[in-house]
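Please find the structures below.
Shared between the two complexes below is subunit A, which pairs with subunit B and subunit C, respectively.
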Partner chain A sequence: MADLRTKLAGISSPNPFWLASAPPTNTGYQVQRAFEAGWGGAVWKTLGDPIINTSSRFAAVHFNGQRVAGFNNIELITDRPLEVNLKEIYETKKRFPNHAVVVSLMVEPKREKWHEIVKKVEAVGVDGLELNFGCPHGMAERGMGSASGQQPDLVEMQTMWAKEAAQTPVIVKLTPNITDITVVARHAVMGGADAISLINTINSLAGVDIHTWNTVPHVGGKGAHGGYCGPAVKPIALSMVAECAKDPKVSVPISGIGGISSWQDTVEFMLMGATNVQICTAAMHHGFRIVEEMIDGLNNYLDDKGIAAASDLVGQTVPKYSTWGELDLNYQVVARIDTETCINCNKCHIACEDTSHQCIDRLTDANGKAYLKVREEDCVGCNLCAIVCPVDGVIDMVEIQSRHAPMTWNDRQKALARMNSESSETEAV
Partner chain B sequence: MNDPTVPTRLAPEAFAKSFAETVPGLTRKAAMEESNRCLYCYDAPCIKACPTSINIPSFIKRIATDNMKGSAIAIMDANPVGASCARVCPTEELCEGACVLNDESDPIKIGLLQRYATDWAVESGQTLFKAGSPNGRKVAVIGGGPAGLSAARELARDGFAVVIYEAKSLAGGLDTYGIVSFRLPQSISLWEVDQVRKLGVEIRTGVKVGVDVTTEELLADYDAVILAAGMGNVSNLGIEGEQLEGVYDAIEYVEATKTDVPPYPIVGARVAVIGAGNTAIDAATCSARLGASNVKMIYRRTMDEMTAYDFEYEFAKQEGVEFSWLTAPKRIIGDESGRVTHLECVRMELSDAVGQDGRRIPAQVESSEFLLPVDAVILAIGQKRHQSLIDHLGLKHDRGVVLIEEETRRTSNPRIYAAGDIVFGNGKGEAMVVSAAEQGKQAAYAVSRHYSSNSFQANDSVAI
Partner chain C sequence: MSAYEEYVREKRAVDALLHEGYVIVGSEEELEGMKLKLRKEPEPEETQEPVYAQLLLLTADARKYVSNLIVEDLWKRA
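Right after this comes the complex of A and B.
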């Protein structure tokens, strides 16, 4: 049994699985049920001046018969009075002293507003605060959420204001609706953030109803952009976590969020630098009990690998995440097809033929049986065939000995620059 | 009160229930899951295994992408009786048997997906195809079964004026009258007939060629004739007692169940079915569902030689049908009133001699005769050929199987083409709805090709 405990900027939790600030953490009843089910922590649904939520508010993108590849919402922050929330937070923390109770906050970008809410919330006994600079809809129109999260200076200033009043750790939650996530992350750190969490939802429109021509979702025939999350956003979230993790100027712990649906996703985020993870869509899709599968899977994975603690995973892959200019241009893999296990669907052939490098031949053996073979000398090692092959393990991408020594683009540029400076002017082109 | 030992007829409600389609269609969710499982193979083997070459990955992808009309059209375009085929094709021998997922997981349920798409078409009430602009040519089709309907549909799409002559009061052939309702409801076949009729094809039902209209008339009135008359009723066994009351022809027997409660007293009856082919299985399962107390199939060879498909055999067993292998009928015995009471049988064994069809020849075991008490005997030992029609048309044939030139589907009369069961037999291919449909298409294309390439020569020679 591995040690699953985590500590994010001083906030302890029995395991790395937190519920993200969202509908699952709307009330004390829900958060307590979640803790009973096994969740290690919860970030309370964002508190602020109560608003009115619309009906309807959610939509999802289904993919090839599978429900909820992605999830879209136009819900805002809590629509319940602050006092009610504070009372329930107090009761929850009292019942679950060892679980992480973090409260998400969003107020107008005014110093006294931040001081006021931070004090009120900390007074009921919480483990930390999360500043929501991410919500891409509704609150942005009021100068909050992603409207301030998209302005690095505003992020920095508001973080500072919160920190002025805060006794507990302050986590800054970042919006992905920007060009370079590290810029905002750095400003959060400059403002005194103890940790960052990312990503919030991505601007989205889930769909258009092709029969009514309404947007999906719509509110009485009208739609507005929403925030996208769920499995489909995982690669985007992972890359943003990675960018922050490898940036030396973003020197605080990371809480990873975005499309995490399984223990495997969790391991990936942790390897990529997240200290813990926050989850919303998977819980909304399956209920709180999904955490049992995540805890069990993570545990068995760590035991199988002989890793004593989940925290040992954090950041292991970060050094391997570099830039394109550092990739070895002479490294070479080629596709190899196992004709024994191939089921002859020809998907690899048509993919390579039509959209890659035309190097999978359809042949017939001496017994008249059809088989496929890669002309390795023409294969560029793009992976496409292995991606489309429906049977695991039939296509292997195998490394072949390169004729050349390793050389990256950066090496090459340096070498060229050296050659140019050494060459005489008449040789220059 | 009825005497429980005397067989009676089934009540209409009970009949309606037990003759309703057995296999339920896919729900929308099941269809979505199954269609999304298809790999959309390139140059897919399932297409090659379909005698009508339905573009299977395409019609399945259209189901998955909620394009039901496109899916139904993809199916019906290649196979004018695609809704019937979705139910009666031996899919494990054809498309599903060739699916690449056979070993890896489970083959795609192509038949059920095909049914899902065509059921949509039936319910939508849409006409899926249009007739071509008239080319001034007229074709007569003899027989409105799968082969005749396919030929007519394709000819109409090519602009021919087509008249189908159908002896029965409804078209559709064995799909309408021969295959049991709990596998293929008559309404499905009649929808297919209607789709063909909506292309402007005239279907003259109740007209028997050779009786109500002569060949001479047809040849005089039409540019070409397509012969698609199928096969006839069941052949006689040639044993004593075949004329007794309670002895039935399997084809007629099944036919009587297609529209209403048949007039036969089968509830509580002991039924012996002679034969072990598709027809015999249908007659046996029909009897079980009509309320027979016991149904035995009497077959002179073993399970290995029977021509019924495995799935048919399994289905019959599930229905409670018993199989008496290596048993041959010798004589049917009746009482004074002429009603059947017993079937005299004899045990058989397979000899070492091998027949023309490659199967071992069965021989009687001496003094092994025994009496089987029965209330009904159903003969199902292969269908008769339409000898008199063939003679009337003056066509070359081999024991009632009309001879054709494979490529052009022409008979020995160059203006008469043939397709379907009428050319099936003597070890060539399988009598299946789907192959009849394909042959009908090919006959139509041959006619079209002929008229688009050269004007017709009355004395064109045919290489048979």
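Right after this comes the complex of A and C.
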């Protein structure tokens, strides 16, 4: 049995699975039930200045029969009284002393406001604080959430204010609604953040009802942009986590969030630099018990690989995540079709013929049977045919040994520049 | 003509000049492709000036091929 314990900036947790600050962590009843189910930690639904929510808040994007490929919401932070939340946080931590109880906070960008809430929350005994600079709707219109999260100097200053009063670790939760997330991450670190968490939700409109012409969701016929999350956002979240993990100026631990629904997703985020993960949509879709399979799956994976501790995964793939200019231009793969298992659906041929490099030939064998064959010398190794093929394993992308040593674009540009500068003939070209 | 055949045609043109004793001495990349300048030194007993040749390479694979030659040459000399 592998050691699943994690420590994020000093916050210990029996496993890397935390519930993200959202409806699943709205009350003590819910968080305690989640801990009973096996979750290692929870970030309490954001506390802050009083709000009023709308009715009709969520919408989902279903894709080709797959429910909840993406999830959209216009919910704000907690609408429950602060005192009630604090009492329940206290009771929860008392009942579950070994679980991570972190509380999410969002107040106006004023020093005294941050001091006040930090002190009140820490007084009930929490393991850490998460500053919500990410909520893209509603709160942002009031200058909070992503509105301040999009201004690196405001992130830095508010982190500093929270840190002035805080005794426990401060995690800064980042908004993805920004061009370069590492800029904000660096400012959070400059403000004293002990860790960062990302991503919060992405600006979105789930849809438009083509019969009523209302937005989806709508509140009495009117809509407003919401925040997108769930499986659809995972690649965006993963790349943002990776960007932060490989930036030496973002030198704090990362809590990975965004579209995580399985132990496999968790492993990916950890390999890409996350110390732990936070989950919202998957829990809303399937309930707290999904964590059981996640724990088992992670455990078996680590045992199978002979890895003693989950924490050994953290960041292993980061050195492999480079820039385009450092990729080997001589690396070459080509598609190979297994005619034994191919069901002759022709999807790969159409894809390559219409939208790639026209190199899958339709041939007929000696018995008059149709088959497909890749002209390997023309195949650019784009992977499209393997992506569209409905049968796993029929199309293999096979590496072709290059006659040349690895050469990156950056190597090439340097060599060309050197040759041209050495050659007195250059002007004559 | 398949992309591979176009590449082979351009590669052969490069190889033919190299075979004749030309060396690549300059390159310039423009919208049309990669202009390659090659130079052939006169035989020691000859007195003429060096001879130049130019090639315009259009295919990505041919441009990659000569890039490899240039990079490898640089390593050899390093």
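Please note the rule applied: the second predicted complex is superposed on the first by the 424 of 429 C-alpha atoms of A that agree within 3 Å, B and C clash if a C-alpha of one lies under 4 Å from a C-alpha of the other, contacts with A are read in each partner's own complex, and residues count from 1 in each chain.
We adopt the following convention: a residue touches a chain if its C-beta (ideal position, glycine included) is under 8 Å from a C-beta of that chain, and two chains touch if they have at least 3 such contacts.
Computed from a predicted structure; not experimentally measured.
Engineer: Could you tell me if A:Lys94 is touching subunit B, subunit C, both of them or neither one (first, second, both, neither)?
Structural biologist: Once the two structures are laid over each other on A, A:Lys94 reaches no partner at all.
Engineer: With both complexes superposed on chain A, which partner does A:Arg67 reach: first (subunit B), second (subunit C), both or neither?
Structural biologist: Neither subunit B nor subunit C is touched by A:Arg67.
Engineer: Counting touched residues of subunit A, say whether subunit B or subunit C comes out ahead.
Structural biologist: Higher number of touched subunit A residues: C.
Engineer: With the two complexes superposed on chain A, say which partner A:Lys119 touches: subunit B (first), subunit C (second), both, or neither.
Structural biologist: In the superposition, A:Lys119 touches no partner, neither subunit B nor subunit C.
Engineer: For A:Lys249, is the partner it touches subunit B (first), subunit C (second), both, or none of the two (neither)?
Structural biologist: Touch partners of A:Lys249: none, neither subunit B nor subunit C.
Engineer: For A:His404 in the superposed arrangement: first (subunit B), second (subunit C), both or neither?
Structural biologist: After superposing on A, A:His404 lies in contact with subunit C but is clear of subunit B.
Engineer: In the superposed arrangement, which partner chain does A:Leu329 touch: subunit B (first), subunit C (second), both, or neither?
Structural biologist: Once the two structures are laid over each other on A, A:Leu329 reaches subunit C alone.
Engineer: After the superposition on A, what does A:Arg418 contact: first (subunit B), second (subunit C), both or neither?
Structural biologist: After superposition on chain A, A:Arg418 lies in contact with subunit C alone.
Engineer: So in the complex, the part of subunit A that touches subunit C is made up of which residues?
Structural biologist: Where subunit A meets subunit C, its residues are 329-330, 357, 359, 375, 377-378, 404-405, 407, 411-412, 415-416, 418-420, 423, 425-426, 428-429.
Engineer: For the complex, which residues does subunit A have touching subunit B?
Structural biologist: For subunit A paired with subunit B, touching residues are 64-66, 343-347, 349-350, 362, 390-391.
Engineer: Provide the residue numbers of subunit B that touch subunit A in the complex, in ascending order.
Structural biologist: Against subunit A, the touching part of subunit B is residues 32-33, 35-36, 39-45, 64, 100-101, 103-104.
Engineer: Which residues, counting only subunit C, touch subunit A once they are in their complex?
Structural biologist: Interface residues on subunit C, with respect to subunit A: 2-4, 24-28, 35, 37, 39, 52, 54, 64, 67-68, 70-75.
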